[in-house]
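Presented sequentially are two complexes of chain A, the first with chain B as partner and the second with chain C.
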Partner chain A sequence: MTIPDVREHTTEKNWIGKSIPRLEDRRFLLGKGGYIDDLVLPNMLEVALVRSIYPHARIVSIDTSEAEALPGVAAVVTGAQAAEMTDPLPDFGPDPENHPWRCLAVDKVRYNGEGVVAIAAESRAIAEDAAELVVIEYEPLEPIVDPMAAKEDGSPLVHETLGTNIAFHREFTFGEVDADFEGADRIISDTLHWGRSGGQPIETVGAVADYDDASGMMSIHANSLSFTSYLFMLAGTLRVPSNKLDMHPVSAGGSFGSKLWEVKTPTIAGMLSRLCGRPVKFLQDRMENISNGDHHGSDRRYEVDLAVMNDGTLRSIKITTVEDYGAYIQFGVGHHGNALAQVTGPYKMSSVYYDVTAVLTNKCQQGAYRGFGSEVGNWVLERMVDLAAAELEMDPAEIRRRNFLEPDQFPYFIPTGNVYDSGDYGGVLDKALELADYAGWRQRQTEARAEGRNVGIGICTCQERSVFSATEFWFWFDEPGAPVSSMPESVTLDVDALGNITATLYSCAMWGNSPETMVAQLVGEEFDVDPQTVNVVYASSNQGLPATGPGGSRFTVMVAGAVEVASAKIKKKGAAIAAHLLEANVEDLTWVNGGFEVAGTPTARMELADIAIQAHLFKHGLPEEIESGLEASHVYDHPYTTMPNDDRTDLGVFYPFMGHACHIAVVEVDPDTGKVDFLDYAAVHDCGTMVNPRSLCGHIVGGTAQGIGTSLLEEFVYDDDGVLQTPSFAEYVIPTSMDVPELKIGHQETPSPYTPHGIKGGGEAGRMMAPAAISAAIDDALRDHGVRVRRLPATPERIVDWIDGGG
Partner chain B sequence: MNQGQTERHSVSLTVNDRAVEAEVEPRLSLADFLRRHLDLVGTHLGCEQGACGACTVLVDGQSVRACLMLTVQADGTTVETVEGLATNGELHPVQEAFRTKQGLQCGFCTPGMLMRSLELIRDNRGITAEQAREGLASNMCRCTGYQYIVEAVVEAASNMDTEVNQ
Partner chain C sequence: MKAPPFGYRRVSSAAEAADALRELGSDARILAGGQSLLPMLSVRIASPSHLVDIGRADDLRHITADNGSLRIGAAATQWSVENDQATTAAAPLLADAISRAGQVPIRHRGTVVGSIAHADPSAEIPAAVLASGATLIAASTGSEREISADDFFQGPYMTALEEGELLREVRIDRWPDGTGHAFEEFSHSHESWPVVTAAVLVLLNGGTIDRVAIAMSGVDGRPVRAGQAEHELTGQAPTPELLAEAAQSATRDLEPFSDVFGSGRYRKRVATALVRRALTTATTRAGGGA
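Up next is the complex of A and B:
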């Protein structure tokens, strides 16, 4: 594919851009959200797991006899027995056959919390009682905790068959890195560490499986997302034919990545349902979700060199990173693809070196968390730009502005080969400086510092890539197993006999974003109907069309494309019907305010409802070739991707619709306690044309709150023995209302030239930026104490430590 | 440990204006009683250990973590849950304010937030944003960042005040 045609976007819109109240909300406000735990099927069993108390141990024996004897227990299944009923879980990582991942551990446990035995019983309480009666004898093995030690020869191994703990290593050079470094005035270097946090939605992951022996149908209701396209892989795990596995999407009480493609829970529920011949519910509890949920976020150590000129010009960056993936590596290093999509940020830089080593350790494995690794890249780049500004004694806003790509430079290909479609970074920065009253705060900061108060201001200007291509999951390999390149999203629009419209979505249910509101607004725009009248439903996979689901801020853009074409198909048919009945030429008809009319003769007109009833009920009044009904589906493919080249000096276009934001945080730090208080916080986002500004604001505030958690509070901590120290919300601290400030929010709209209406993704929002702004603000506040934030979270203990250690 | 399954205690309480009598295991939490025995599934469980507040209900007018309270402890009390807020399909002012201010995204914390908000509004006439923010620190929301929930509480309080005065 070459560069797609540039679209013309009309500015006159009826519904897009309006902050209409969400269609989803009423059911949630009434307590009728229909979450997975609300689903109770007749005769249903419930599940509890026995999980490993050791980080690394050989399973010597398992005695389940007492548990089986407990009244109310229907089945007790060990990992070895599960391996006879299921195949390994689907795994997109490198060499999955050498680190097989199963729903329950077989032979040895690889992290504290890994499931070993599953119990199905009449109630969850009985299942938990039975779990306590299972006797497991372990032979503890040396825990593998530190990834830097784990990657060395001679380390004990997480997976013996792999022969190493290094799951993957690769280095990339994009552009003339050596020359750019040689020509630089200065090389700025640092070591950084982004700690392990995770989505931790308030609702955990669950599934209700119902295997029907008579038909061979495996029906699974699940609050996991994105099942449609790769469902055949889960069918393989469950050993059912792919057309006999039907996933029913259920509303998710938040995901933030952590319910993306969650396969273990449906597998355990499905296995037990088939075994017991009854419906089975498996809902994780919180400890399960934290310790065994397969969705920890990035955990990266970095060595970075930045080549700069004395005037502040950024030339090139060298990034060497070691990532601790935990005991398995289900998504491979796709997280680093996300980082490479925007590795140079909003800046003109001509070359990049990137070296990634993925290490396996005795920890819960990584999955997805809002940003999918690109938020880490943002933080690293911004940390380095701040360091450059400090060394050059430049204002942090000024060094950024000096390096921004200009609005007339788009589409712009960054050194990795990805394209940025459009942007106006200077415009966003100006708005943010004004919104935050940057000049005023610098003044107040001087006054506060004179009083001995440690007030700091942090700025970041970060990218938010949106709408990924599947290539980022395999361009790491010279000979990928499956160089897939499809990432479609589909919709069906059905206009019923009375002209009421139903939109069917295919990849998941509501997950906290507003798919129903957004689709209704898009449909409202196309057909001039009030979005509140549009019915939005979610199909189960068996009724499905190709779809990928949310992730990488892709859903709104992709569904907008599907709605656009499906609407055009319906209008084409509607025009043919109207032309016939109005005895006009179809070319003379135009769509005006909810119906077709003959150009210049507004009285010769048919409303959508008039057309619809004819289409549904009056076949003999229509031309022979027109089929009854008025519905259309469309499978929308990514509008702009290209393939990587053979030697991977060019990764192709894989994340082209580039949002941008500037966050400005003002904090005060108490050097005695290490506590960080927010004095002000401003965020200006540009994700192209906004569909529903208020819903976007919700993402900005919510994402920023998560970014604050990542920056200051949240970490999955494993001690030196590999024992998880944060197994509950008592230790894993997510922000409360008192931990987050009131945000000032601003918007800029730089429409994408390549997407319907100019929409770009914006769902990952504040978490992509907040850590960079907050880290900078802490540095600035504690500059007299020589503190530089090199590690997140910057907990009070660590901050005090850095002060004592002088930096 | 399994005696809990056989021994039963009788309880009688009022739930959303309805008299309820039941025989329950002593270990049954109020949350499980509401969800599983009364089908009031609006009360959600996020942590089952008193941290998140998703299970917040009002017992004799006071917010309670329904995951930590045993049903037998609720014997003789009056319990209010999210299902009791709306009347004849009409949203309660607190629900309406959450809707207009977008005080929810995924909706999972929402029932607990609504009940806690109602308590805050009842206990603090003319509640300010600061008071609301502080009072809501009892309940975790992972989606919204709280800002619009705070706004919703203040808005609901002023609407309810107006209603009372009319």
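Up next is the complex of A and C:
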């Protein structure tokens, strides 16, 4: 594919850009959201798991006889039995045949919390009673906890068949790294560590499976439905024909990535439904979600060198990172593709070295969490820029401004080969400095410090890549197993006989994003109808079109493309009908305010409803070639993907629509306890044309709250013996509304030249910036103590240790 | 996270509750607000044979102040106590501690006496009760006994209650008018579990400290009084230096436990800071200039 055409965007819009009330809100506020836990099928069983108490142990024996004998228990299935009924779970990582991932552990357990036995019973309570009656004899093995030790020769192995704990390693060099370093005035170096956290939905992953042995149909209602083009893989796991698996999307109480491709839960429910001949619900409880949900976030150690000039010019960066993936690696190192999409940030830098080692340990595996690894890259780059500013005694805003790409440099290809479509970073910085009253805070900071208060200001200027291509899942390999190139999103628009419009979506139901509102506003824009009148429904996968769902801040851009073309198809047919009935040439018709009219003759006009009733009921009054009905579908493919080159010195375009934001945090640190309080917080975002500013603000507020959690509070802690110390919300502390400051939010709109209406993604905003701004603010607050945040979360205890110099 | 099977009995009086405990034996547990017990059942840390629900026992819901004593029954909710004028007048330290003990919906169900009987080593209410020199009234069939707060807390989730005994009431003797109080807490988020708390009462007389009580939680297996620090403060003029030294003294001999919320070393550091702040606030409220 070559560069797509540059679009002209009109600024005259009726519905795009308006903060209309969300279509989804009413049913959720009325308690009619219809979550998995609300779904009860007749004769339905419920599931509980027996999960491993050990991080690493051989399963010697399992005695299920007492559990099976408990009244109300329908089935007790061990991992070995499950392996006779199901195949390994679909795994996009490297070498899956050498670390097979199954719905229940077979032979040995590989992390604390891994499922070992599944029980289906008349109620979840009975299933849990039965779980206590299962007797498992384990032979504990040495736990593999520290990834740095795990990657050394001689370490015990998580997967013996793999022969190593290193699941992947590769070095990449983009541009003239050596020359750029040789010509640099200074090399700024540091060691950084981003701790493991994860998205915390209100409703966990759940599935209700209903296998019909008459038709052979496996129907599964799931809140984790995405990547419908890949559901044939789940059908393979369940050993049903791919055309006999029907996944029904159910609204989720949030995902934040944590349900991206959660196939284990539907697999267990489907397996047990077929075994028992009854519908089966499996809804994770909180401890299952945290310990066995397969969606922990990034856990990375870094060695970084930044080549800079004495005037603050950034030249090149060398990044060596070791990532602790846990016991499996379902998405491979796609998280690092996200980081490479924007590895140089908003700055002019001509080369990049990137060395990634993926290590397996005895922990729950990683999945997706808002940012998908790019938020870590943002934090690392901004930490290094701050260090350069400190060493060069430059203002953190000024060093950034000095290195920004200029608005006339776009489209801009960064060293990795990805493109930045458009941007105005100086504009965003100016808005943020004003919104935060940066100069005023510097003054107030001076006054506070004179009183002995530890007040600090942190700035970050970060990218938010959006709309990923499939290439980032395989460009890691010279000979990828499946160099897939499609990651589509689809919509069907149906105009009924009265002109009312139904939009059908084909991937996840509401996940905490606002897919229905987005589609309704886009349809409203196309047809000049009030979005609140658009009916939005979700199709099950068996009736479905190819779709991918939310992820990588892609959904709104992609569905906008689908709506645009489907609308054009409908309008083309509508124009033909109107031209026939108005006895006009179709070329003379224009769409004006909800209908077609003959150019220059506004009285010669047909409304959409007039056209629709003709299309539905009066076919024989229309030209021969026009079929009844007025509906159209469109499968929208990624608008701008190019292939990587053979030696991977150029990864191609894989994440082209580049948002940007500046966050400014003002904090005060209590040196006695290490507690961080926010005094102010400003965030200015640019994700191109906004569809609904208020729902975008929701993303920014929620993402920033998660960023605060990642920065200060949230961590999945495994102790030295590999035991998870944070299995519930008692120990895994997430910020509450009382801990999150009131955000000052500003927007800038720099439209993408390549997307419908100029929209870019904005769904991961906040979490991709807040950790960098907060880390910088803590440094600034504690600069007299010599503190530099090198590890997240910066918990109060770590902060006092750093103050004491013991960190 | 579903509770294991258990028997359930609702009682309508303290006497019925005591009788039920005697009849049902040592595996029966009192259910008051359930804000600690029910989650423990759900994760199956606890598996009592029976729950004896005192939530509708009318003679256990009292909050009364008379003869200088505040009496709180076992079924009185935290919310009702902290918003009770008798409490805020007689035991403002307790009211402050309650206001930090979980979110409002939890305090609408959770009880003051239940939190005492639960004896979480980090909890707020036991620290305030200990600082206040409270008396706990344990009832069993046909008899009652009084236990001082100093003797009541024996270890993590362990108390002086014996088999068949119901913690019927807590009695707090009012400190004299002019007493300053302060409750300080460190927790990771606004609503997460307390890590360390400090509860302080100070009474001044002519510019010197006449009487002082300091209690901490989260620094030992049970809430602790800082007797040595109290002794060092008594009779002294409260200067900032003195209060800081007393805070050091209050924690000097402690060897707090370590867990995911904080190491023992960290707990000790935070406790020292919280005691210093609480002493400062309480002294100021008592009319002192520190």
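Just so we're on the same page, the second predicted complex is superposed on the first by the 803 of 807 C-alpha atoms of A that agree within 3 Å, B and C clash if a C-alpha of one lies under 4 Å from a C-alpha of the other, contacts with A are read in each partner's own complex, and residues count from 1 in each chain.
Everything below uses one rule, namely that a residue touches a chain if its C-beta (ideal position, glycine included) is under 8 Å from a C-beta of that chain, and two chains touch if they have at least 3 such contacts.
Remember, predicted model here, so these are calculated numbers, not experimental data.
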Inquiry  = For A:Gln725 in the superposed arrangement: first (chain B), second (chain C), both or neither?
reply    = second
Ask   = Should A:Met309 be classified as contacting the first partner (chain B), the second (chain C), both, or neither?
value = neither
Ask   = After superposition on the shared chain, which partner residues are touched by A:Leu622: those of chain B (first), chain C (second), both, or neither?
value = neither
Ask   = Looking at the overlay, what does A:Arg286 touch: chain B (first), chain C (second), both, or neither?
value = both
Query = Now for A:Glu797: first (chain B), second (chain C), both, or neither, which partner does it touch?
reply = second
Task = Check whether A:Ala80 is in contact with chain B, with chain C, with both or with neither, and answer first, second, both or neither.
result = neither
Ask   = Thinking of the overlay built on chain A, is A:Ile734 touched by chain B (first), by chain C (second), by both, or by neither?
value = both
Task = Name the contact category of A:Pro21: first (chain B only), second (chain C only), both, or neither.
result = first
Message = For A:Thr673 in the superposed arrangement: first (chain B), second (chain C), both or neither?
response = second
Ask   = Do any residues of chain A touch both chain B and chain C, and if so, which are they?
value = 125, 129, 132, 285-286, 728, 730, 734-736, 738
Task = Going by the contact rule at the top, pick out the chain C residues touching chain A in the complex.
result = 1-5, 43-44, 186, 188-193, 259-263, 266, 269-270, 273
Query = Of all residues in chain A, which touch chain B in the complex?
reply = 21-22, 24-33, 35, 37-38, 40, 70-72, 125-126, 129, 132, 199-204, 251-256, 285-286, 510-514, 694-695, 697-698, 701-706, 728-730, 734-738, 740, 742-743, 766
Sites on chain B touched by chain A in the complex = 1-2, 4-5, 25, 27, 35-36, 40-49, 51-52, 54, 81-83, 85-86, 91, 95, 98-100, 102, 104-111, 114, 129, 133-134, 136-150
Query = Contact residues on chain A for chain C in the complex?
reply = 123-125, 128-129, 132, 285-287, 672-673, 675, 713, 717, 725-726, 728, 730-731, 733-736, 738-739, 795-797, 800
